[in-house]
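One structure, pasted below without further comment.
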Amino acid sequence: MHICQVVGKVVSTLKNEKLVGLSLVLVRTVQLSSKKDPIFGNDIQVAVDLIGCGTNDFVIVTSGHNANLVCANKAPIDLSIVGIIDSGLDGLQL
Amino acid sequence: MHICQVVGKVVSTLKNEKLVGLSLVLVRTVQLSSKKDPIFGNDIQVAVDLIGCGTNDFVIVTSGHNANLVCANKAPIDLSIVGIIDSGLDGLQL
Amino acid sequence: MHICQVVGKVVSTLKNEKLVGLSLVLVRTVQLSSKKDPIFGNDIQVAVDLIGCGTNDFVIVTSGHNANLVCANKAPIDLSIVGIIDSGLDGLQL
Amino acid sequence: MHICQVVGKVVSTLKNEKLVGLSLVLVRTVQLSSKKDPIFGNDIQVAVDLIGCGTNDFVIVTSGHNANLVCANKAPIDLSIVGIIDSGLDGLQL
Amino acid sequence: MHICQVVGKVVSTLKNEKLVGLSLVLVRTVQLSSKKDPIFGNDIQVAVDLIGCGTNDFVIVTSGHNANLVCANKAPIDLSIVGIIDSGLDGLQL
């Protein structure tokens, strides 16, 4: 799973019916390294958040087919937040 | 899910039978950033649109296996539009 | 789905039994743009063709899990041609 | 499957219920080559480890849908460790 | 499917039980082109080989979810060899 940072929310009124009620947040990839400064990806994606993340939170995201295993229905999504990171990134440059 | 912009339609007469009746639109990836100007990907892809998007709309697209969860049949597709973006991109450079 | 151009065929005698009888063609990715000249990807891949494409045809290809929905059996493939493009690319630099 | 090196652990208290009890480790991609020095990817990802890897171990990781076949439940994960490498990388620059 | 070249074998004693008995080979991506010299990817991956490939063979590999359709059990793998290439690459720079 990739590590991302939450940077905002997105609003979509006209959408697939299975996405109704799902919180859609904007996330950007965080590239960590033990050698270099972190690189924030400039490709911002949309993820489903059923955990309740806040802006600036560092989160674990699952992509692809298994992303919709966080939902009860088979929603047509490919990215979802599965955890908020507490620690473990300290030894690395965040 | 990636954020894309609709840039046109594509016509295919000779195609897989499960794609008959599905609207096929051309989309290009939009890379947003809080630091840099947006970058429009020069890789234009084909997405299924069951929502009814117009050219220039900014949309949320789902890729991979779950893309065909927007269809009733199990169509051999890997990209579909699941929502039109109303707002949320304002704080970012669109 | 990506847009590709058919550039040849490939022959494989020793292969998985579920691939027997499936036409295997070589395709290269076509990157279109409204701003730049097209870029032909130099990464040539192998796709299953059950439509009957000819060399130089521009085609729509589906990748990943759903690629084998064009077959009756569950073949271990990850790329298949789902349509030949008639038009829609005119406004873009092909 | 990609070859990765384990570089640490990550702690997440607030997470999807299906991830409870799964060990989450940080891994970075190792690019081997018979011609060049190895390149350590600066994109550190989170993988599920049910094997019991130690830091610095070189491991085989499976990504995507099949990653959760290591679990009994259908966890929303997309990366898991499936083996620790004993040998075979000797002829290549590790 | 991508075209790869087999470059060796890898040994893993401590691994997921569903991988026991599966031959694990190292492969590197081959990028063909009708215009440029071939480029050998410096990212070497691990693939399951149930066909019996030899070192230096050019093979067709399937990635992702469908990779484990070559196995009887649902193994947690994401890359497998599905065919050895006889010919078809002649017109291209191999």
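For reference, chains read A, B, C, D and E in written order, and residue numbers begin at 1 within each chain.
One rule holds for everything that comes next: a contact is a pair of C-beta atoms (placed from the backbone, for glycine too) under 8 Å apart; a residue touches a chain by one contact, two chains touch by 3 or more.
Just so it is clear, the model here is predicted, and its values are computed rather than measured.
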Sorted by label, the chains bordering both chain C and chain D are E
In contact with chain A as well as chain E, sorted by label, we have D
Between chain A and chain B, tell me the centre distance in angstrom, where each centre is the average of that chain's C-alpha atoms. 19
Inter-centroid spacing, chain D versus chain B (mean Cα positions, whole Å): 31
Overlap residues in chain E, where contacts from two or more other chains coincide: 64-65, 67-68
Around the ring, starting with chain A and passing to chain D, what order do all the chains come in? A, D, E, C, B
Complex interface listing, chain C residues touching chain E: 7-16, 18-19, 24, 26, 28, 40, 42-47, 64-65, 67-68, 74-79
Which residues of chain D touch chain E in the complex? 1-3, 29, 31-36, 39, 50-52, 60, 62-70, 80, 82-89, 91-92
